[in-house]
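Got some structures for you, see below.
Each of the two complexes below includes chain A, the first together with chain B, the second together with chain C.
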Partner chain A sequence: MIYLDHAAATPLDPQVEESMRPFMAERFYNPSSLYTPARAIRTDIDNFRSKVGSLVGAKPSEIVFTAGASESISLAIGGVVRKHPEAEVLISAVEHSAVIESARGYASEVSIVPVDSRGTVRVEDIRDSITDNTCLISVGYVNSELGTVQPLRDISACVEEVREDRSKRGVDMPLLLHTDASAAAEYLNIDCHLLGVDLLTLNGAKIYGPKQSGVLFVSHGVELEPLIYGGGQERGLRSGSESPAAIVGFAKALEIAQTGYKQESKRQAPLQKLLTERLGTIEGAVINSTSKNRTPGIVNVSFPHVDGETLVHHLDANGVLAATGAACNASDDKPNHVLEAIGADKSTIQGSLRLSMGRQTSRDDIEQAVDIITNVVSKLRHR
Partner chain B sequence: MIYLDHAAATPLDPQVEESMRPFMAERFYNPSSLYTPARAIRTDIDNFRSKVGSLVGAKPSEIVFTAGASESISLAIGGVVRKHPEAEVLISAVEHSAVIESARGYASEVSIVPVDSRGTVRVEDIRDSITDNTCLISVGYVNSELGTVQPLRDISACVEEVREDRSKRGVDMPLLLHTDASAAAEYLNIDCHLLGVDLLTLNGAKIYGPKQSGVLFVSHGVELEPLIYGGGQERGLRSGSESPAAIVGFAKALEIAQTGYKQESKRQAPLQKLLTERLGTIEGAVINSTSKNRTPGIVNVSFPHVDGETLVHHLDANGVLAATGAACNASDDKPNHVLEAIGADKSTIQGSLRLSMGRQTSRDDIEQAVDIITNVVSKLRHR
Partner chain C sequence: MKNVFVGMSGGVDSSVTAALLKQAGYDVTGVYMKNWTRDIGGVECPWRKDLTDARSVAALLDIPFEVFDFETEYRELVVQYMIDEYRAGRTPNPDIACNQEVKFKLFLDAALARGADMIATGHYARTEKGRLFTAADEGKDQTYFLYRVESEALSKSLFPLGDYQKSEIRSLAKEFGLSTADKPDSQGICFVGEVDIKDFLSEYIETKPGPIKHVDGRILGEHEGAEYYTIGQRHGLGVGGALRDDSGSGLPLYVVSKDMSENTIFVSEDLAALMNDEVSIDQLHWINEAPEIGEEFLVRSRHRGRLTPAVVTSSSGDTMRLKLEQPERALTAGQSLVLYQKESETTEVVGGGIITQ
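Our next item is the complex of A and B:
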């Protein structure tokens, strides 16, 4: 089986699983309890928080452990908007559904900033869309469909300018920048202060860590209203007894990802090149992932007039596991908004395939996968 | 070490751990993906949902998997209130902090219904507190400090009467009943329809299941606004890629708890009696858990003029792990609102100790623990 859907899920790293094991059965105590073995777990959580903080250039107190990226994103957007219920949220046209739906769910007004044909947001377009009523901008660092890397530092510089201007003009509304960096942590440096973001989401499940583990970086001074209330864990921003296993697993996964991302990017880049080139030679193929500034994990290709879902099923039957980019979510039928946003036509969207590589993907996998895809596409075309 | 803090955390049941193992590393696929091994996980999740449904007398589509009880509670309260932002929420005076803080965080008006000296809410008091603007009542089934079981069926009958009356009078506001049954699932039948509740919270971490696993039962027809948005998982009420390990672990834990609760209750009842009697003979001891209708796991006792936190630390040093009931949460200094609500004075609250038994607790543990407590209290009194 050749697994080419790492953007959907990554296997648990054996080192991560190993790190979680003591917290599964043996060290089960509630970290808020007062006795020695519970306080030892509290100390460990503090240490994992420091470790995560140091990996993303943040103070430990800026790290909020959550139960996954959708929760982090909802907390970032809902948390800001619930403090400013009448304010506006600005998002790009290629955001993950968690960003789109959180913005729609919490904000009374949402503006969508378009992208170019490579999926890149232009800073000028963001600047033009900001009003004095905008409280939050949310732009994903790396697009999970195309791999496009957004010019986040330029965006944060723009945000800083607007803040200074607001301050001069006595406009009270804060302007905050959130980024969903779920698809970035495996390939890029994610130093929050270098990026200049106020809020940053990470997802354990996308970096060979435990599922439903995540982090929201919350820069000092940023005020959020929590979504989940209770015992006041995570500085009151995410109540509920912690899962130390999820926390240690996340920290270990992030450490491995951030220690190895340069080498792994270098290793995957020629595979991406090979995959893109070979897929490009299939008759009628359209490569959708064309940004020069993209991560090496993803190739998004379309075979117009082939049904993406049928293609995925036939690839499955032939031992290649991949995703169609046809639907917005695997479970619904809305056409993919990311491909729509880069201007793909209906038949290109319908016939799209997203291949995402991972740490185990070899050159041999890629060559075999291309042969299988070539055959399957040819068969489906001639049916 | 004698662990008497099962109300704070329970160890993972070996059968639960075993059930989770295949979903940790090997079966890591995203259940929303389209290929065979992913769809097999989707089928498994459907089956676990059916199993949980059948254990609580609900349809599978009424079960929402969450990342823990605080999230379930916040979703129940926030989910209803966000649909009716001007409406009022009614809670008892002995609710868990997740209920109190969610109500405060989401509702513009919160009414607190008092309890009697045994911690029981009187149905008449609830009826008297309901106004035409009340949209939600939240009363925990079993109090986690005292073990007091609330008359939930009487409360739901009262709610039903009010609904009928509202309907006759053309009052549009819905009236819903939520219960946090986290402390109940180990000791009582939790059939949602027999209890007559619209919303019910369960906590995997309190029934020897995985931490940050939980369920919210949402009766058909109840409309909630989600807190966590995204890919539309859990019928759109809790987005985010599922953790199949947490789901199977929760289902297995609930199955074990609900299969064994009668026998385990019968086993623990004489231990509770022994513990209560022997603690009662310590000079000055005040038993706080006095309800006739209580679960057999908990004994709450106070030693006035002894500091509860100091007591816990000395017990820890002598091999007994227990909780003080002095503070509302282990991590803050607010006096325990549950003991306040039953009319305990300051020094009784300050010197309180909550002992909570579990499946491994033996008669020998209880006898040893009582001896140690007797000695430690005596030493602390004579310092």
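Our next item is the complex of A and C:
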């Protein structure tokens, strides 16, 4: 079996699993309880918070633990919008459905900024879309279907200019920048202050950590309305008894990812090149992931006039596990909005295949997978 | 080699059907019939997952796969029929309508037009030369749902599961390595699935509360709309404890009849009121030869219901009357009475009709 869907899920790193184990067994106490073994867990959580903070260039009090990226995104977007109910949210056309649907769900107005044919959003387009009523911009750091890295620092510089201009003109509306960095943490340095973002989402499930673990970085001074009320955990932003196992697992996973990202990127880059080149030689193949500035994990390819879903099932039957698009809307009828946004035609979208590599992926895996894909595509095309 | 189009629902039965045919050397094409996609009463319609399962099995078997879209026709021929029947106070059987109108008519015709010689489904039934017989697994036999299929359609249909026990099908699914091997059997009626029929109907018909009367005339309570209730129903009436026995325990009350014009349902604690040894049917359908007066059959008034000996007492035009050897419980208007003929080795489905009153 060759697993090429790391953008959908990653296996738990053994070190992560090891770190979590005590918290799923003997150290089961509620960290809010008063007795010693419970307070020891509270101390541990504080330490993990510091660790995560230091990994992403943030203060511990800027780290909110959540149950995954969708929740972090919801808290970021919903949290800001619920403070400014009439304000507008700006997102790029290639955002994950968690961003699109949160924006639509919480905001009364959503503007969508287009991208170029490589999936990159242009800073000028963002600047042109900002109005005095815009309170939040949400642009994913790395696109999970194309691997495209967005010019986040340029965007934050633009946001800073607009803020200064607003303050000069006496416009009260704050302007905040959120990024979903779920697909970035494995390949890029995540430093919230260097990136200049106010809110940043991370997902344990994409970095060999536990599922349903995540973080929202909330820069000091950013006011959010919580979505989950209760015992006031996580600075009141995310009530509910903490899951120490998920927290320690996340912290460990992020540590491993951020320690090894340079080396792992270097290792995967030639694999990506090989995979792209060999897939490109298949008759009719169209490579969709073409940005010069992209992470090395993903290759997105289309075989027009071959049904992507059928292709995925046939690859499955032949031992290659891959995806048609983001797993979150893989079962949807709607055409893939990311490929639509980069201007792909209908049959290119219909026949798309996303291959995403991981730490275990070898050159041999790639060679074998390409052979299988070549055979299956040829069979389906002639059926 | 014969070209067979298999209706694949994404369930274990139709998955194994496709696998068995492929193994037997047929040229098999899998077809998912997209009939219904609406969520009802907050319950998610599972069609997407079912379609994915069917597609995945087709890929594993390396057979071509197609989706036939019958949503419009299904709404008209099955759903509307069902709503109309309930509105008229009867209890319809949508599975029977679906087989008659969709699977063995629309699907058959579409498959033939696309080059099929035959169609196949995962029904537990057997067929030969345009005749219909019960399945080897009597507990799973689905011929009750198939009696309105035409002989002509049966002669172009294969039921590969008819000779198997359900338990064998699950182990075959595992042997074939099918991802659907452990999928639970679908529950409830047809497309409505696990949804409460009341939730479904409430989205389509307007109902008014009315009295629940004892057969002796006393009013025992109020119902939410006579359309929702079916003959023989005991639960969900909200009249528990309205009548008590000598020791003070609440007596079970059964719906024994409905008066739609008065929006009244009648209940009784006496099960005998539900028992009947005579039954009238109309909208007769005979797969081959029509029965004659005086002829004896085995009859069944519900899926998997027991087979009761009966004799045809009268017949005229599109109606027929039968006398049962022993009384049957809750012979419900709108449900079907299906006639069987037992030979030494086989039990053949003769046909049947819709129970009137």
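To be clear about the criterion, the second predicted complex is superposed on the first by the 380 of 383 C-alpha atoms of A that agree within 3 Å, B and C clash if a C-alpha of one lies under 4 Å from a C-alpha of the other, contacts with A are read in each partner's own complex, and residues count from 1 in each chain.
Following the convention adopted for this analysis, a residue touches a chain if its C-beta (ideal position, glycine included) is under 8 Å from a C-beta of that chain, and two chains touch if they have at least 3 such contacts.
Treat the numbers as computed from the prediction; the structure is a model and nothing was measured.
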item	value
Chain B or chain C, by number of chain A residues touched	B
Which superposed partner A:34 touches (first chain B, second chain C, both, neither)	first
Touched partner set for A:310, first chain B, second chain C, both or neither	second
Partner chain(s) touched by A:89 [first = chain B, second = chain C, both, neither]	neither
Touched partner set for A:73, first chain B, second chain C, both or neither	first
Chain B versus chain C as contact partner of A:383, first or second or both or neither	second
Overlap of chain C and chain B interfaces on chain A (superposed complexes)	309, 313, 316, 331-332
Contact set on chain A toward chain C in their complex	309-310, 313-314, 316-317, 331-332, 383
Footprint of chain A on chain C - complex, ascending	48-49, 52, 55-56, 58-60, 62, 64-65
Chain A-facing residues of chain B, complex	1, 5, 8-12, 14, 17, 24-26, 28-30, 32-38, 67-71, 73-74, 78, 96-98, 101-102, 104-105, 205, 210-212, 225-233, 239-246, 309, 312-313, 315-316, 321-324, 329-332
